[in-house]
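Here it is: the structure, laid out below.
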Amino acid sequence: MTSPQRGRPLGVAVIGHSFMGKAHSNAWRNVSAFYPDVPHTEQRVIVGRDHARVKAAAGRYGWQEAATSWQEVIERDDVDIVDICTPGHLHAEVAEAALAAGKHVLVEKPLANTVFECERLVEQAADARARGVFSMVGFNYRRVPALALARDLVSSGRIGVVREVRAAYLQDWLADAGAPMTWRLRKDEAGSGALGDLGSHVVDQVQFLLDDAVTTASGRLETFVESRPGSHGPEAVTVDDVAWAWLGTARGATVSMEVSRMAFGRKNGLSLEIFGAEGSISFHLESLNELVVDAGTGGTRVLVTEADHPYLEAWWPPGHVLGWDHTFTSQAADFLACIASGTPPQPSFADGLAVQRVLAAVEESAGTRGAQVDIAH
Amino acid sequence: MTSPQRGRPLGVAVIGHSFMGKAHSNAWRNVSAFYPDVPHTEQRVIVGRDHARVKAAAGRYGWQEAATSWQEVIERDDVDIVDICTPGHLHAEVAEAALAAGKHVLVEKPLANTVFECERLVEQAADARARGVFSMVGFNYRRVPALALARDLVSSGRIGVVREVRAAYLQDWLADAGAPMTWRLRKDEAGSGALGDLGSHVVDQVQFLLDDAVTTASGRLETFVESRPGSHGPEAVTVDDVAWAWLGTARGATVSMEVSRMAFGRKNGLSLEIFGAEGSISFHLESLNELVVDAGTGGTRVLVTEADHPYLEAWWPPGHVLGWDHTFTSQAADFLACIASGTPPQPSFADGLAVQRVLAAVEESAGTRGAQVDIAH
Amino acid sequence: MTSPQRGRPLGVAVIGHSFMGKAHSNAWRNVSAFYPDVPHTEQRVIVGRDHARVKAAAGRYGWQEAATSWQEVIERDDVDIVDICTPGHLHAEVAEAALAAGKHVLVEKPLANTVFECERLVEQAADARARGVFSMVGFNYRRVPALALARDLVSSGRIGVVREVRAAYLQDWLADAGAPMTWRLRKDEAGSGALGDLGSHVVDQVQFLLDDAVTTASGRLETFVESRPGSHGPEAVTVDDVAWAWLGTARGATVSMEVSRMAFGRKNGLSLEIFGAEGSISFHLESLNELVVDAGTGGTRVLVTEADHPYLEAWWPPGHVLGWDHTFTSQAADFLACIASGTPPQPSFADGLAVQRVLAAVEESAGTRGAQVDIAH
Amino acid sequence: MTSPQRGRPLGVAVIGHSFMGKAHSNAWRNVSAFYPDVPHTEQRVIVGRDHARVKAAAGRYGWQEAATSWQEVIERDDVDIVDICTPGHLHAEVAEAALAAGKHVLVEKPLANTVFECERLVEQAADARARGVFSMVGFNYRRVPALALARDLVSSGRIGVVREVRAAYLQDWLADAGAPMTWRLRKDEAGSGALGDLGSHVVDQVQFLLDDAVTTASGRLETFVESRPGSHGPEAVTVDDVAWAWLGTARGATVSMEVSRMAFGRKNGLSLEIFGAEGSISFHLESLNELVVDAGTGGTRVLVTEADHPYLEAWWPPGHVLGWDHTFTSQAADFLACIASGTPPQPSFADGLAVQRVLAAVEESAGTRGAQVDIAH
């Protein structure tokens, strides 16, 4: 078991060095500068398969060392935290081994591609927790200040009981039917399409914002472009381009969700509209620093950059807006603060499992013409 | 049979003098001023049950006479057009009689409350048409210039094949759980709740904008406030507060629809996002004069007030925005132009029936936990 | 002297039948329908130079008669109100004669092209008032519900003492250097360019919204396109394309104003931002039904369509937006209500004179490299 | 003279550790991660007056050492770049000494508080440049991708000849008359108020975006709250709360500028509207990642996050928005790239001087009731 009290910075290893590896490296490089009160860390080692490329990444992103064997790295005494940024189908194996080695584990979302793997990981995380080892899944949007503020407003009752949530996550990078085949469009590698990639963010946000559990799901999936140019001619697309769901929550809210990679003109269009009995809240990710809040007084645009807004004290004066990557830095800070205080970090592996169960239920429903499916908890 | 060629203005009778009667009266009072080339009309008579009130309405809204018997009015020789603005459950009886009397008939939406009534009216309209008598249903949003422009853009192929439509009609006048009971919340009188009231507009728009037919439907209905203060104590609400649907079209598009009267902060929030293979179009009714069009060149806000935009030549110079009521005037003009030219007006009674069939299918699906229902045509 | 008590509707004559004649005719045709409590009117006669054209306009816009001599019309016993929609250089002569004939007079803005003419008209209006004859100048934007609400908020102290107003009126119909010469670009006919055409609206709004008087002015004028294609070859443009001003008010606010007909992409862009010691208000004419109000609680978008908002009780339910032309109908209603109650209507001729004095001061300042000019009152 | 070719990273010293010191430290800590092709740097030393505080800052922000004497630091052999983040009245002295010591110098804006100091610095920078020593002034907004794109669009002729620019920088942190006295409100320390603080950004942007020089200025200054609570009772405010200017450029454009710290509800409201003969461009800093471009085809909202947009290749995929602080990292990268390639960095000290001359002319004009002042170059 590691302890931040033993007088040296916590050593961090990140597994993976592409898009998410870059984003997480940025977080570890900057967390102490903005959050000086959490345990200090050192960027010990970054891991990848290709030696030359991971060495370049190490130099570029501020890591002391590069390595090609994650198995060796997780055993190192100078590594206290393992941050997993590999493709999703590798999450379970690495996380399990890292927890067994007594390392705190941060797993980029999704926790794993299957409910079965997620269930195992939840058990292992519970065992590890009993030994003082912490784990968290990286739904970074929980650290968007505007969304953290939204959760505070909901939980404080400012908009009353939530009845109806209208959610979407719309992108367009597959709108072009001539865009080439990628592994993300093969079901055996990617698990699902827009549903897993984008829907997972929506489902986690809904459970986070409402502090509620999704207990029923109806789903519909469509693949509008059924084959795409592959390296050996046309290849079948085996995942969804667009997914829709209706989700019922334990406390009685209904959520509509639409996630798409065919929504021409939408780049990173996560939008959330929460309607309660006494108010409403709206958010759009392309306007990351804003929230529209109506607590019975008209829709008020809040520029969420004030010192008393969540996370903002760490950053800049009012009106100096944050970007997408700042969420990862705040996520790292929250993880470190939990390690220091002995508080279980959130979103937990159980939260990650809950998301996968909802996605599986959506897929099951879609396979039966949309009939509603109950979700066990 | 009436004929605009016989050398006198067409006499109009409107049945009903509350909200819709006021809006339709406004249209008849103004149509000649803005559309001088359509047959001239005279506001002959307005009909209502209460003599004093209908007389006041006649004076106020510019009608030559007031009457209390629609049966007598539809037989008058000086009445050529009967415009029906009564509650929906009376539409069928009045329309049938008016058609039988050889009058052109405009029916405010919905065509009727039941599919059965709509089917009969479609037959009667066909018979009347053979006798030179025209009929139309009043989905006035077809005359919003921005939506007419959207249809033109879609049909001209500017955004490619339509795949995905995200539609909502959100209002909040029932968000307050203490709002009193009204006839609109009783199933036997109103037919349904948000579904019929707001969903009918959405369904008609979808079929209009895409020039396509909805062939499958999945539905979900919720009543969040189950009883409300009535005149004799609490009374059960027997219609939906919110309705959701997924609609499949003949050409393969999927439409998601959410209609609500509980959406705190939304006043008249009809929004439509149409995603095609080569572009997208967005509209919001609270910004009636605007359309955002992305035909592969970025989302361009079009202020739909130019002379070459639909309907605009009749109105004001660029930048001088129209309001909600102008749609009724343009609707009257289109109806009159069709009468003059012998062209069947649109939306036809068959269009009105198509909408009711979709709504019925949504309700049927909702009764079986959302399983998809096929719609016969 | 006319009196609404004498038992018959007030007879109205409108002088002019082009753009403004159409807009004012629309108002007279509809005022009774929406404002039943003001004196009833009849559209007696419309006046124009060309007999055929004015006859067509009469038929189209609902006037009982057409005439070509305004001199004869203003003497008619069945005419109680003269509404002047001619070009500005004719306003003074017609208004003076109509007042002398004992008719109530509504003059479309500007009151007149010169300060001298305005001063004479103010005197004549005072004399007429003593004889029970009323007069008003038609700054129709005072009847935009959102702007009327803004004035109410300012006068009730909701945003504290006003310090700073940022105002613009931007259009682009002259941005194209190839657009042809028109009388509006000749100083001897039009008086000035963007300054008079657009600046007059801004200045009146500022004085209306703040209930304050402009007492100093600095100005700058630019003509970016110095000649344009005329019927006999290139012709010099002798008015401003763009005008800027800083206006000081009696109570100590500073107003910046920018008005342009070269602002590419802006169609009817009147925008007003009012900053007070305790809040702010923003308005944009292309979003006619909205106001953003910040009274220390964040910028709240108000959809100004509620029954308790100014003018709205006369119109439609919440969320059913108004357009540009509705302002003229409400203007006519206000004028009639004042006639009925014996209250001097606003904006008065004195208000029209005040605007012209400010514009003259802006022009004077612009002629001396922008040095500030004091305005006598 | 330093040289990046000599085989070791460039050593950086930052002078100052408060707001700007934090922002610049962030840039030096991250520049290599995002811009791997520019010379590598090391965060050698941070300088401040208070030993304990600067030591804490060093630890927090990633500096190897802390120091209290800038005079000693600029002489160190392992320091190649001196980055000056002190208050403005100290800029000249430190910059002069650092250039004399052969260090590359980055000065946070403004270059200096007075034109006189700026002129000296320009001479010294020219001398240093001859010795291979580079200098730059830190107008960080030049590195907002949307603004860099705007400049590219203007210079490529996409909107034609620029005629009219409407610019504002509105904040509200002094709107409250009870906000206490600070050094920023004393003329002897701060030089000016909103004019220097906010107007300097506007003037630099205008000259950058248009690639043009401001040659005439008219100005108006207002102090709405004339005294504020000081530590010994009320104290006079001796700078402007709000400043307005009209600026004429060498190529004939007119710029209106309004800068305020009293604009209730505006937090960091830098807005720029550029109107050319063939199009327009609009930007608002609170929507940092967006540009609205109208090149004759309607106002198109561009989300400036594509790989081919300025700076974006270094950062994240499309739709993953940047924040305010990223501009400093890109600024550091540009400075380093210029050092490596031997290209004079921009904005140069001459650019910094040009801004101060414009601000001085605005102030001079304001002192003579706004009469226009010519600016020597």
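Just so it is clear, A, B, C and D label the chains in written order, and each chain counts residues from 1 on its own.
Following the convention adopted for this analysis, a contact is a pair of C-beta atoms (placed from the backbone, for glycine too) under 8 Å apart; a residue touches a chain by one contact, two chains touch by 3 or more.
The UniProt protein names, listed by chain, are A, B, C, D = Gfo/Idh/MocA family oxidoreductase.
What you see is a predicted model, and the numbers here were worked out from it, not measured in a lab.
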item	value
Reference interface C-D: repeating pair among A-C, B-D or A-B with over half of contacts shared	A-B
Furthest chain, CA centroid comparison against subunit C	A
Euclidean distance of C-alpha centroids - subunit B vs subunit D, Å	56
Chain centre separation (subunit A, subunit D; CA means) in Å	36
Set of subunit A residues in contact with two or more other chains	298-299
Overall pattern in which the protein chains touch one another (line/ring/star/complete/other)	complete
Sites on subunit B touched by subunit D in the complex	293, 297-302
Contact set on subunit B toward subunit A in their complex	159, 163-164, 166, 168, 170, 175, 177, 218, 220, 222, 224, 242, 244, 246, 252, 254, 256, 258, 260, 262-266, 273, 275-280, 294, 296, 298-299, 365, 368-372
Parts of subunit B lying in touch with subunit C, wherever the complex brings them together	19, 22-23, 25-26, 29-30, 32-33, 36, 56, 59-62, 171, 173, 267-269, 285-289, 303, 305, 315-326
